[in-house]
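Across the two complexes that follow, subunit A remains constant while its partner is subunit B and subsequently subunit C.
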Partner chain A sequence: MGLALILGGFLVATFLMVVAKRITALIAAFRLQSLCLFLYVFGMALTQKHFELFVVSALVLVLKAVLIPFLLARIVRRIKVEEDLGLIVNPQVSLAVALLLTYLSYVFARSIIVPQEALRLASFVVSLAAFCAGFFIMASRMKALAQVLGLLAMENGIFLAAAAIAGGMPFFAELALFFDIFIFVIIIELFVYKVNRLFTHIDTSKMDSLKG
Partner chain B sequence: MTTFFPQQLFYLDPLAIFFLAVIGLVSLPSAVFSVGYLRSESPARRALAWVLFLAFALSMCLVVVSGNLFSFLVFWELMSLFSYFLVVFDHTHEKSVRAGTVYFVMTHIGTALIMAAFLILYAQAGSFDFTAVKQAASAMPGSARNIVFLLLFLGFAAKAGVAPLHIWLPLAHPQAPSHISSMMSGVMIKIAVYGMARFFILCLGTGPAWWGGCILAFAVVSCLIGVIYALMDHDLKRLLAYHSVENIGIILLGVGAAMFFTSKGMPAEAALALCAGLYHLINHALFKALLFLCSGSVVKATGIRDMEKMGGLIKVMPWTAGFFLVGAMGISALPPLNGFVSEWLMFQSFFAGIINSFGGVKLYMVLCAAALALTSGLAAACFVKAFGITFLALPRSRRAQDAHEVSLSMKLGMGFLAAMVVLFGVGAGVVFPLIMRVAQETLGIPGGPVALPTRLLAVAPVGQASISPFLMTAVLGLTALAAFIWFRFVSRRKKSTYNTWDCGYYDLDSRNEYTATAFSKKFRFAFSFFLLPYRKVDKIRESFYHVRSFTYETHTTAVFEKHIYKPLLGLIYGMALRMRKLQPGSINLYILYIFLALVILIGITGVLNP
Partner chain C sequence: MAQIPLLLIQTAFIIALAPLVSGFIRKLKDILRMRRGASIFQPYYNFAKLLKKDEVVSRNSSWIFAAAPVVVLASSVAACLLLPVSGIRVSAGVMGDMLALFFILALGRFFLALAGLDTASAFGGMGSSREMFISSILEPAAFVSLFVLSMNCGSTAAAALAGTQALRASTVVAGAAFFMVVLAETSRIPVDNRETHLELTMVHEAMVLEYSGRPLALIELAGHIKQAVLFVILGWFFFPAAAGFSWRALAFFAGMSVTGLAIALIEISLAKMRLFRVVDFGSFAFFIALLAAVFASMGM
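Then we have the complex of A and B:
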């Protein structure tokens, strides 16, 4: 029951990311999503009593819920761009699309998992929905940081799917993945900073001027 | 058993050795010629030319001796690439680069078709080796064999320059340095004929009658189109390139007739037809290489390729003119030179086919023979034009006037080929049995030991028909000698030098001369249904009676370019432009593409497995 509630929180956090209009709001929603992910993994660790799961949950908390949002918030402060994300699709329609994607995920999940395993089914639906929502954010927001956060949301969805369906990936694979994500965010931070200094904006919609 | 790595590296049968001989006979004089031809280039470019030349010649040899599909294709591609680099050797000329691009595209379309055919053969045989492919090919279903035949034929035809896939040839061959033109026209396009002989006759078997008939039809079209365009063209090297299209047609008449006769159960006629084709192949290699080298000398000496600006070169370049005349007589099939022998053999094989066949086949053979006769006549007319306008009369430009004879190495290269042209004609009695043996081996007909040359070095292929070029030479020589003696010593006629009679005008200069355009006018009329000539007249008048300037141009419509290639290219460009709208340069849109693909896949899976 507790895990189901946490899943609900995860899904709400995902929807919050979809409707966010400002970068700081997007980061805050991502922090909430990561927090829910931490709680989910921690709950699983409590029920299964695996030492490794405790370590993984701690890593989720430290990296995804604290460090990465902090780094992203810092870069937002440092480059002093306007807060607006450059929405191509407005929040209302975005929410409708996210709901539709969630339903689609449910239809798809039903074809894979039998309805008797309600929790696994729900976890899979939520993770797939988060994956699709992250994708949708990448496609429908103009600022480069939105693409980063969309990708991170997709990563959270995949992580949730791995934890819920397969009971987690091999331990070392998880560690390597965390390291990857962390390095990715650091590099992106650097790049966004440089790009902003060079072009005075981080608007990807202006990249079509590169086309010959 | 499926083996990816070929076991059979080389395959040396009489056919391969015959082609090696052709490559050697043309490469050697071309190499000697290039010593003088490249003298004005810088040392670095000279070295580059030599490296490319040798690599080109070597890759051709390796294509011919390859024993499996894989190495055949690799060396085939190397041959195409090296020749491409040689075509664009003068890379500062925009024309060279453009010609090279057309050549590159056409040759790779051909290679793609050949590759597809090879993959089908490999899938059937499970091995790249020729012997395995040959065994598997005989067990293949008929439809697969037909597809392989069509793919291979179109692929090799693109390389050989068979009409209507010939458009690269008149662009690329003239643009290359002349010794390379002679290699490309003399040898490289023959390698495609080797491919046809190897894969149709030796690997696939000769197949149903329509295979041979199809080759014959393409060959006839090539013959006529090649020679008609050659008549219209006044660029010396491009004229020769068009003649290559024509002669490839004649060679393919032999190959096609051989396949046709075999499928009709006439092995003796088939052997004669293939022998005629191969004989013409080596002859064309010799005289076309010679003519390209001569044209190279002319271009080197004058710096121009337009015949209308030449003239009178026989006085300043007697050696080159003499060699060109030998080559022109050879290609026009004048006895006793080599072109005559092979075309005579070709006619004999067609006549034998006509006698031994019935109904529609008979008519088809008659039409092919008639087309060949028309082609020979037009070719002779074309070389009257080429030799007359280029070498005779008065020089038409300053550059033609100031020309000088070329260096010794160039004369040596041309002289060797000219001697070969004569030898392959006069000595036909020796050469014919050898080539006949190659043809018999290729068709798998048991032939006896190589026949010794008969009396008077005569060629006697079938029945009572026989000729002796040697005897002809003797008679011609004796007649000439007698005529010379008569006029020199016996006749009392006085020699007197006079101006050309000009109706009392007394001021004729080179602008009053007969031109190549005028010479070809009657042919432009005769073939106007195909050439679609048009003219542009531009008069600027001061008054009704006084015309200040008058320009007159006449052109022919490039039918294939206009009705086949232009629409095709337009279609491709149009599609490319429409495709381009998918790529507006927006990251968001690209992500959306991936996203939509994913969502659609998820949706389909969800709907299909409820």
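Then we have the complex of A and C:
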């Protein structure tokens, strides 16, 4: 029952990411989502008494809930980016789309997992919904940083799916994955900084116009 | 039939306790702001003081202005009668379910809005218009989150909803949506501010601006009761009903104080939203409630 509640929190955090209008709110919602992911993996570690899962949950907490949001918040401060996200779909419609995606994930998941395993089904639905919502954020927000956060939300969704369906990936694969994500965020931070200095904005919809 | 005295005692208990809840929240806010503040019994003193005061009535007001406070108070008390308090299971359930309860509360709000318009003062009309705007935005969220409880237990009877299905993923998410509704319905900070009489921001206070003396006392008491009723309903989402009177009493008081604390924390840490941001607030609550419905259909 505790895990089901955490799943609810994870999905609500994902919806908060979808509805966020400002980049700081988006980062805060991502931090909340990662925190729910940490709680979920920690809960699984407690029930399965699996040492590696404890390590993984600690890594989730340190990297995704603390370090990555901190790095993103720092780049926001450094480039003094304007607060808006370049929404091309307004928050209400975004929420409706996210809800529709959640329902479609449920319809899809029901054809794969038997409904008797309610918790596993729900975990799969939630992870798929987070994946789709992250994709939607990437597609409908025009600022580079918002797209990065969309990608991170997708990654959280995939991670949740791996933890819930397969009981976690092989330990070294997970370590490598964390390292990848971390390096990715650092590179993106530098990249966004450079782009902002060169173009004076990070709006990806304006980047196809030539600049001499 | 044997339940009728118990029902009356329960309703009297809620009415007696309701101002204390308001005083408790105000005291918590004062403590969190490092102020000494008024005693938590201040709402009772206010009530007693207002009862002694004279009333000033505009020459241009009609019978609606005089009737509204009585109707508002009556609607709050009637809602109380339909309310099973955290699993005590005593309510006039045959008279109506939780939909009836909400429409009875809506009747009170309707008369308050009419009374705001009745004196034809600019503020009253503005307050009524805003109140109806806000309530029409929040009403879908309120009903969908209650329907999530209904989906879980297969009934809309208030006694069946009260705590039988609490603390599942769907009810907790629906509870989050309903909490947003409670914030708006009790005119709390992100939507409205009860502490201010600043003309451009007030909503609820603008409607009752023309009232003084005894009718104002009735309207304030009705507000306290409505708040207590909504807090009890919020408790349905989070506190599972179980056997034993002591557990129920504990769940009741825990629900009241935790809700009060959450509201106090939100009130001191957020700023009031612009009026048109309330649309975002309401639609977020609505979609969260729908999300809870998806959870409920998953059987969680």
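Going forward, the second predicted complex is superposed on the first by the 209 of 212 C-alpha atoms of A that agree within 3 Å, B and C clash if a C-alpha of one lies under 4 Å from a C-alpha of the other, contacts with A are read in each partner's own complex, and residues count from 1 in each chain.
Going forward, a contact is a pair of C-beta atoms (placed from the backbone, for glycine too) under 8 Å apart; a residue touches a chain by one contact, two chains touch by 3 or more.
Worth saying up front: this structure is predicted, and the values here are computed from it rather than measured.
Subunit B and subunit C, once both complexes are superposed via subunit A, fit side by side.
Of the two partner chains placed by superposition, A:Leu198 touches none, neither subunit B nor subunit C.
In the superposition on chain A, A:Ala166 makes contact with neither subunit B nor subunit C.
When the two complexes are overlaid on their common chain A, residue A:Ser140 makes contact with subunit B while staying clear of subunit C.
Centred on subunit A, the angle reaching out to subunit B and subunit C in the chain A superposition, using CA centres, is 140 degrees in steps of 10. Once chain A of one complex is fitted onto chain A of the other, the partner contacts of A:Val125 are limited to subunit C, with no touch recorded for subunit B. Of the two partner chains placed around the shared chain by superposition, neither subunit B nor subunit C is touched by A:Val114.
In the superposed model, A:Met207 makes contact with subunit B only, not with subunit C.
Once chain A of one complex is fitted onto chain A of the other, the partner contacts of A:Leu101 are limited to subunit B, with no touch recorded for subunit C. Judged by the touch definition given at the top, the superposed model places A:Gly8 against subunit C, while subunit B stays out of reach. In this overlay, which is a superposition and not a single complex, subunit B and subunit C have their closest Cα atoms 15 Å apart. Overlap of the subunit B and subunit C interfaces on subunit A comprises no residues.
Contacts from subunit B toward subunit A in the complex involve residues 583-589, 591-592, 594-595, 598-599, 602-603, 605-610. Partner subunit C is touched in their complex by these residues of subunit A: 1, 4-5, 7-8, 11-12, 15, 19, 21, 91-92, 95-96, 98-99, 102-103, 106, 115, 118-119, 121-122, 125. Taken in their complex, subunit C has these residues touching subunit A: 167-170, 172-173, 176, 279-280, 283-284, 287-288, 290-292, 294-295, 297-300. Interface residues of subunit A facing subunit B in the complex, by the touch rule stated above, are 88, 101, 104-105, 107-108, 110-112, 128, 132, 135-136, 138-142, 147, 204-205, 207-211.
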